[in-house]
């Protein structure tokens, strides 16, 4: 008995976690997928009715807004955060004396909860008392900056806050990437008389392709899961102008009592994440097993 | 006396891949067995199987007369020294050495006594309170050996213990291991890819390739009578000359014809009574080709050869010439007058020649 | 450097001035960005120290004329989260009660799992690890509904143990990943040596691996603490009045519609809610960043 236990202890130790993951990740995904094919409303029903929930979802103007917002938010957030992060990383890579302190300042928003970030930016962007009134107070009385309450522009305030929160992190990723480039290659280029900016564009940045991919994956993942920031900053409003799939799902699940819609929208989010993450993880794991 | 280690029809598979095939090895107490072969030949896997760190797929294995086929490593009465030394990084040298005893519940007094004894033997007393990270490579090596010695096991296992040391230290530690073996009269299984290590240390060598035993024998047997082309080529540095040749029976002896780059044929006579097929590979160690006049004996035959290259190596000078389409190396004395591009009269000691079948590579004589 | 003829010296001085100018530009740029990142924190802090009157009349970025800690007091113990007006204090402690056990349990399990996956490979261990790793990436929306039902069936819906449970389950993937990636760098020979020495699975973990693990434990604890403290989705979905974590309470304070909008209280509350993770970041930033990058760049 003890011999058996000694030999199988590793499996015994891993088993509870594995079973938990099987149930709470894969089982639950299965449950949600199942329910997304039913007519569940306030309570789940288990009778499969086909893709009716998905049809409802794609007919819903609110979901349409949410998806559009995801495109806008995702694209702007990812592109700007990456560009800004790369720029900051390159600036910081110039043997800056107080690099440690500056890095700390750039990165601290990442330690904050999205709710805290949202609360802060909600105050700053508040038209009556925030930036708008500040600039007006400087004498530019015609200055208008009411994006937070303007249905056409509110989504961009979420982009602004999200970039503030995450760009420092992208900077940290890129900085690590810049530092990991083989020093001898750079020395060789310097000896060849290649100007610094060319060394960056022709040698260093291309060799960081994997870091770009990682940063993209992380940011895309953040964008799709974005929920807290929207809740804190705009609450999805004005109206549902700043709804994202995550807030749509939550509204359906917990305030509208429309479990079928909640499940189907969650499944769509899941599929989008799958499409981005699975090829990445697959290649990473394969590369590691070689 | 019962063999200290007896491996019988051992097989090891990883999934569908056969790593070790039909291994049969047996050693007596006090033997120093070296498993040697190129990387990937399965020698380390075999050692791990002996240690019980890998389950074997088929066959049996006994240590000290007890069947150990399915016994876990801790109950096999073995100790092991690893290539990376595998010292426990957070423990002091003393704790590293006594960890095994502590786990086994040996009382403190015995632990201290044993530690002292081993530390003295290996001259590591001043290091006992240090961490592994504060030691040099050679010192780590000693501690790793100390950890094995203190256990006083039936069988010591060494997994390429010297390969992380620099060349000079390696030779020193090699001598030390040999001395330890002689003083302790320990039974050792030792894995290496370095054939010089194998030759100098072993009382018995097993040459492995592709998970199959190629030859088992004393260093002299392996060196002088390699069982096949692989062993002939692998053991010895510079390697044995392997020259394609044609054999013809002539009376009681054999005429061996070797093609030359000039188009003519070099014919050497082997006076031994052999029965060889027509196509053979002739194997002759560099030291069995000398400068004419420096080698005498019944089998010695001289022939003029064109010297392609002269490589002085201090004590010896190696001369390369082309025979049978191969670069043939001869080991001459240091003061030779051989010059590249000139002819030189070489003496071939045909009594030392090994013959191998052209297709199978098996030894023929 | 040996060639010092006149024309060369001139160009060199020119390029040197250019270099100094560039250097200045660099530092100015870096400084401006630093201001950008610091500005919200600055605004939060100054606003929280102003009176409502001063907020209404003054400018967003002006320093408080009169420093007052009233807003902080209200935020801590008097602000209303809906109908209750007890401030953040009870919710702050809820978050502590959730985070501490959840971090401890998920870290311990992660350490054991990582140890198994990295050092005791058995058939299928890699697949199990891949499946667990993938669990890190799912959008949690996809498990919200069934989890809500399960917590209900287990009788821990809306309780703090329920939230601890949820955080442990969905933290396992990351903690396992952290420890696994740390333990694979430890040579397998160490485990082998210990096995030959007679130590078993748990003994090796306890005597050899745990003492080696301090750095990765710090990284994991910081990561998990930040994640759990900052969580909002699970908190808002699986809590009820009285068991809400601080993030949910903060959001409720900010969005509570009763009475006058007290921006200074909102800001003080936001700072209080963010303080623990901010503190961790300032104290152990190195480990925080290591966790962030380890969590995103696998391998």
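A, B and C are the chain letters, set down in written order, and residue numbers restart from 1 in every chain.
In the analysis below, contacts are C-beta pairs under 8 Å (C-beta built on N, C-alpha and C of every residue); 3 or more make two chains touch, one makes a residue touch a chain.
Everything numeric here is computed off the predicted structure, so don't read it as measured data.
Undergrad: How short can a path of touching chains from chain A to chain C be, counted in steps?
TA: 1
Undergrad: Would you kindly say which chain has the C-alpha centre located farthest from the C-alpha centre of chain A?
TA: B
Undergrad: I'd like the Å distance between the centres of chain A and chain C, where a centre is the mean of that chain's Cα atoms.
TA: The computed centroid separation for chain A versus chain C comes out at 15 Å.
Undergrad: So how far apart, in whole Å, are chain B and chain C when each is placed at the average of its C-alpha atoms?
TA: Once rounded, the distance between the two centres reads 56 Å.
Undergrad: So what's the Cα centroid distance for chain A and chain B, whole Å?
TA: 58
Undergrad: Specify, in ascending order, the residues of chain A that touch 2 or more different other chains.
TA: Answer for chain A, listing residues that touch two or more other chains: 6.
Undergrad: Please set out, as single numbers or ranges, the residues of chain C touching at least two other chains.
TA: Chain C, residues with two or more chain partners: 200.
Undergrad: Which residue numbers or ranges of chain B touch two or more of the other chains?
TA: 72
Undergrad: In the complex formed with chain A, which residues of chain C make contact?
TA: Residues of chain C touching chain A: 26-27, 29-30, 33-34, 36-41, 43-44, 47, 55-56, 59-61, 109, 112-113, 116-117, 120, 122, 125-126, 128, 130-135, 137-149, 169-170, 172-173, 176, 200-202, 226, 229-233, 236-237, 247, 250-251, 254-255, 263, 266-267, 269-271, 273-274, 277-278, 280-282, 285, 288-289, 292-293, 296-299.
Undergrad: Sort out for me which residues of chain B touch chain C in the complex.
TA: Chain B residues touching chain C: 48, 51, 53, 72-74, 78-80, 82-84, 86-90, 99-100, 103-104, 147, 151, 157, 159.
Undergrad: Touching chain C in the complex: which residues of chain A?
TA: Interface residues on the chain A side: 6, 9-11, 13-14, 16-18, 20-22, 24-29, 31-32, 35, 44, 88, 91-92, 94, 96, 102, 104-117, 119-124, 126, 129-131, 133-134, 137, 164, 168-169, 172-173, 176, 210-211, 214-215, 217-218, 221, 224-225, 227-228, 231-232, 235, 245-246, 249-250, 253-254, 259, 262-263, 265-267, 269-270, 273, 277-278, 281, 284-285, 287-289.
Undergrad: Considering only the defined contacts, which chain C positions touch chain B in the complex?
TA: These residues of chain C touch chain B: 187, 189-190, 192-200, 203, 207-208, 211-212.
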